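Below, chain A partners chain B and then partners chain C, in two separate complexes.
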Partner chain A sequence: MRIERRPHRPLSLIVLSPIIAIAAALAVSGGLIAIAGANPFVAYGLILRGAFGSILGFTEMLTRATPLILTGLAAAVAFRAKVWNIGGEGQFYIGAIAVAAFASGSWIAGWPPVLVIPMAMAAGAIAGMAMLLVPLGLRLKFGVDEVVTSLLLNFVALLFVSMMIEGPLRDPLAFGWPSSVPVVDAATLPKLIERTRVHIGLIVAIGLAFAIYFIQARTVFGLQSRAAGLNAPAARFAGVPWVRTLVIVACMSGGLAGLAGAIEVMGVRGYVASDLSPGYGYSGIIVAMLANLHPIGVIAAALFAAIMFVGSDSMSRALGIPSYIADVTVALSLLTMLVSLFFTQYRIVR
Partner chain B sequence: MDVIEIFASAGLWGAVLRIATPLIFGTLGALLCERSGVLNLGIEGIMTFGAMIGWLTVYSGGDLWTGIMAAAFFGALFGLLHAVLTVPLGLSQHVTGLGITLFASSLSYYIFRLSVPLASSPPTITPFQPIFIPGLSDLPFFGPALFSQTAPTYLGIALALGLAYVIFRTPLGLAIRMTGENPHGAEAQGVNPIAVRIGAVMAGSALMGVGGAFLTLSAFNSFFPTMVQGRGWVCIALVVFASWRPGRALLGALLFAFFDAFQLRLQNVIGAIPYQIFLMFPYLLSIAALVVMARRARVPQALMQPYRRGER
Partner chain C sequence: MTQTPVLELIGISKRFGDTQANDDISISLDKGEVVALLGENGAGKTTLMSILFGHYTPDSGVVKVAGVELPQGKPRAAINAGVGMVHQHFSLSANLTVLENVMTGTERLFRLGSNTRAGRKKLMEISERFGLKVDPDARVGDLSVGEQQRVEILKALYNDAQILILDEPTAVLTNIEAEKLYATLREMAAKGLSLIFISHKLHEVLAAADRVVVLRGGKAVAERKAKDTDRAELAELMVGRRVARPVREASTPGAVVLSARGVSVGTKLTDLDFELRAGEMLGIIGVSGNGQTTLAHLVSGLVAPDDGTFEVFGEPVTRASVTAMIEKGVGRIPEDRNAEGAIGDMTIWENAVLERVFSSRFSKAGLVDRQAARTFSSQLVERFDVRGGDPDKRIRLLSGGNMQKLILGRNLMDDPKILIAAQPTRGLDEGAIAAVHARILQARKAGAAVLLISEDLDEVISLADRIQAIAGGRLSPPVDADKADPRQLGLMMAGDWDDVEPAHAH
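Presenting the complex of A and B:
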């Protein structure tokens, strides 16, 4: 028995692979739910009802999907060019704190939202870009693996945010845990549906997914970034401006993760606290891999993760199963997706 | 208290060894994996799981050493998962390792929450006590500084020396190094690179699990989520700093722990600087170490390259 490369990759398998992966992950998690003493089918039913059973649950799921689409795109864009940006979590927080610093002063309070919202989003994106250009610079200049540096910088970013919200940006009126001063009303994103939390950030995220799809499929830069990822030496030989391509990719990736943080502050929280992200940066990596790095697929994968996260909260209340089961399932689906992608390229022969 | 007094305090040097211990185990584990050619980014999650399962074993009535063994066993199990995906299947070691980390840490939170209901303060166990060595532990200064550690700390130091011996002086070590440098060459010499890699990753991951267990069974006495705090990633950086040599890994972990213990005490001396600046120091130091060593270090030549029989 050995493993052999398939002569061609059947399209049906590529399309089916995420479905098989998610089914396998759900099966294993089902076992974990059964060990905890609950019926997995009842639990999954409750998860679906939690995410789709009410307007509140459904809009909450969309609210949760918004940052996941953006961090998922951030990872997908970078991974396609083999820029291993694992720093999405740090970039998310730096983008968030940039907005809190930029859009909280009294000087900006009188400005119209049409001006403030794009400027605040840009501030978050630029902060995220800067955060990723450090590890990329270290890779290009010194040959340091950006996986480890971008991971380590996540902790630095979190400490920096903590320093800001306990220091210069601290809200003197807030009780309990330290939080930043709130952003001005002009920087608050309009709601999509009244009396829910879902906001126009969702439209921005979906729009960006389509924009990135267009860039990757139809522009010279898209081709260059894919070439840089598939075979760097060949791409350079063919005249692809390798360094410039990687820098632009890093700007897009860091910018998207920073924007995710900015939009979360402007659309949902209104301020920055150290519990702003339940790991959106890390979940983004899973979302990107589940989507096989396809920008439109990222939307679907982010919805899957959001259904699991939001649905398991209400399932947990009903059955007493820890809601961490959602994190377990989503993380497992990354591993099963890797295996199922492998079998689109290879097969076992006797 | 000023800076000189910090250096002269036995507490600092005692803390260095204590802080270094999980890093010693983690770095040696990662080093063993990488010497055979496999990067194991599952380390952060494996340490978290080790911390949880070690604690849970003792909390539910087990012996402290049973807790250590449980951490090693489950570490090896996650290592097996990483190895199966990256060695025979040859999947991306970066992405698989991150997947292992996310899976292992969320699974440990799930199991912890399932076994211990939500409480205002996490339940505690009786951790390892310092070993009293007659003669040495009574020494003024050196006693509390060097000879008042718990058993796993001494085990970690011995392990570094033992691993150095195995890697550089035994046929097994030669097989591991050959597999990490040139698996085709190793195969030609009658070594099975697939088996060596799976074995090395499992053994290395067991060490990572023990490093995590030290946190809950010796350094602290309870488990809480996110307690590993990037120590796994620091270990990955320390392997590069150590140039893939166990002796230097020990030295690197001690040096790193020294800076960490020093910054904790410096915080009390210099009050004007926000404490977060000091806490950033270990992570920035790891990045600096990577930058200094990246070009100089002798990377195992086949690191991160999957091996397939008959394919080049």
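Presenting the complex of A and C:
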């Protein structure tokens, strides 16, 4: 038995690969559920019911999917151009704290939301951009691998956020629980459905996914950034402004992750605390990989992850299986996706 | 001859999908003989050798070593029977020493320590016996390509190979290294080894082999003794029809369009002087690694001169800009088409327009005009005869020759005033070489100034009007191609040009 490169990659395989990957991940974690003493089919049924069975569950799932779409896009955009941004989590928190700093003062309270909301979102996005431009600059100038620097900056970002919410931005009314001052009402995102948590950030995220699809598929910049990612020497030979392209890609990627943090504060929490993100930045990488880096696919992959996260909470209450099984399944799906991507390029021959 | 051949391939056939890669091929090899397997890319040479070595199992046919049939599909059996293979792409670890590389795989996995003393002794004996000098303690990564190949050969010999198979052994070597390799092969054959080497280069099969087997379309179409044949016959057998490389006609050069005076770039290029006129071709000949890459990058707009005056159409170039060069009408064929010329996973149309996508012809307001781009690439495919050139197909699927035609085409479609052709026929087969040469000559005839950077002496002599040699990052004075003889050019390539009488400007 040997492994051999496929002469060409059939489209059907590329489309099927995430579905097969998810099925395989579900099968493996089904085994774990069985070991924990429950029927996996019942458990998965409960997960689906948790995510779709009630308005509350469904809107909660969409609320969860919103930041995942944005961090997923952040990773997908960067990976396409071979900018390995592993720092989505840090950019998320920096975007969040930037909004808390910008949109919490009394000076802004009287402004109209039409002005404050875009400005606050921009503040979060710019903070996220800055956070990724540092590792990219180090790579372009000194050849430092951005996988390492962007990953390590996550911890710097988290510590910086803790410092801010225990220091300058601390909410004096929070009874000793470290959290930032809340953002003003004018910066709060309108709800999509009353008395739920789902907010217009979802529309923004989906809109951005389509916008990025359009940029990648139709614009000169999209063509050039894809060229830069696939073959840097050839792109440079063809006159692609390589450094500029990577900088713009990094701004898009960091900006999206920062925006995710900003939107989570403005739409859901209202303030920053150190438990704002259950790993949205890292899950975004998985979402991007499951989507095969396709921006529209990111929406679907983010929904899958959100279904698992939200559904497993209610499944866990019913069956007593820890809801961590959702993390296991999503993480497994990254591994199975990598295997399945491998088999879109290679095949086994006897 | 009555003795049993050391190796026999009998009636080998192998089919991949719709392609009959090998069709009933029989070949035999005697002790002490060098046989060349000649054929164009895709003729089935590599498939045949992979079957022999057990990488593939044939659909039918048998392989016999010294009269004994080899089990199919078992490389280990082939090695044990004394067959060694030297691949075109080396399988060496750059961070291990020569000795470590050679010994890898020869000892059992679960033993404590490695018997390097015995290994070293055996390696030195072999290297002595076949005149393959190496330092066993040198790190392979520090060796030149030629030396690495020697290590690869030693590795096969260390496994007690009696039959050596070399896949395109000179593809990565400079002319001088290749000459040395032929001598080594002859030497090894004289010492009793039997060799098969795969090649598509006519001169090298004539220089190194006793017998030539020509493959075409998966069939062994002819077999000749090297001393009874010549290049013309082999070329015809290999391609299946008469191919003649085109030769330049006289032309009257126009104004100077490209010139360098005292140009230096880093430590790679020093004090260059050259001049290129419209309608003429200047050939830069040299052994690879003497600054050609940087020279090609300079004229392609990827690097700027650090010193001296470099002028394009009389305007000095001070900073590197690819787009500026393209806008001025400079066509550029990169030295390495896979690394710089094409992006394998992008489509043919994307590759066709990538370097001109900024122009209003292919984009409006930042949006790619796909219609215009597709039309352009269909015309290109049609005009330059790019086989299999569906605009929406990924360019990776094209053969080397067709990819090169596409790269040529995207530069020649707009009748460039200057054409930079760096190693334009490297790795191409006879048919494709003739096509590429014809296109370049056509551009010259249409009034383009052509800068041809090449390692192939025949190519430069038959195409260029004037020739300058590059050695150690310096350029010799130009000589007229009509008056140049290969011996003099050989000296110039070695950096010896003090006695050269420069050609006077026209």
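Just so it is clear, the second predicted complex is superposed on the first by the 349 of 350 C-alpha atoms of A that agree within 3 Å, B and C clash if a C-alpha of one lies under 4 Å from a C-alpha of the other, contacts with A are read in each partner's own complex, and residues count from 1 in each chain.
Operating definition for what follows: a contact is a pair of C-beta atoms (placed from the backbone, for glycine too) under 8 Å apart; a residue touches a chain by one contact, two chains touch by 3 or more.
Being a predicted model, the structure only gives us computed values, none of them experimental.
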(request) Would you mind checking whether chain B and chain C clash or fit side by side on chain A after the superposition? (result) clash
(request) Report for A:52: first if it touches chain B alone, second if chain C alone, otherwise both or neither. (result) neither
(request) Classify the contacts of A:138 with the two partner chains as first (chain B alone), second (chain C alone), both, or neither. (result) first
(message) Output check: A:221 vs chain B and chain C. Expected answer is one of first, second, both, neither. What do you get?
(response) second
(message) So in the superposed three-chain picture, is A:210 touching just chain B, just chain C, both, or none of them (first/second/both/neither)?
(response) neither
(request) Determine, under the contact definition given at the top, whether A:8 touches first (chain B), second (chain C), both, or neither. (result) second
(message) Looking at A:238, would you say it contacts chain B, chain C, both, or neither? Reply first, second, both or neither.
(response) second
(message) Once the two complexes are aligned on chain A, which partner has more residues of chain A within touching range, chain B or chain C?
(response) B
(message) Quick check for you: in the superposed arrangement, does A:282 touch first (chain B), second (chain C), both or neither?
(response) first
(message) When the complexes are fitted on the C-alpha atoms of A, one of 185-193, 203-211 or 293-301 in chain B overlaps chain C. Which is it?
(response) 185-193
(request) Would you please give the residues of chain A that touch chain B in one complex and also touch chain C in the other complex? (result) none
(message) Taking the touch rule as given, give the residues of chain B at its contact with chain A in the complex, in rising order.
(response) 41, 81, 85, 88-89, 91-92, 94-96, 98-100, 102-103, 106-107, 109-110, 113-114, 229-230, 233-234, 236-237, 240, 274, 276-277, 279-280, 283-284, 286-287, 290-291, 294-295, 308-309
(request) Enumerate the contact residues on chain C facing chain A in the complex. (result) 300-302, 321-323, 326, 332, 334, 339-346, 350, 354-355, 357-358, 363, 366-368, 370, 394, 397
(request) Show which residues of chain A lie in contact with chain B when the two form their complex. (result) 2-3, 32, 36, 79, 84, 86, 138, 142-145, 147-149, 151-156, 159-160, 162-163, 166-167, 282, 285-286, 289, 321-322, 324-325, 327-328, 330-332, 334-335, 338-339, 342
(request) Please give the residue numbers of chain A that touch chain C in the complex, ascending. (result) 7-8, 218-224, 226-227, 230-231, 233-240
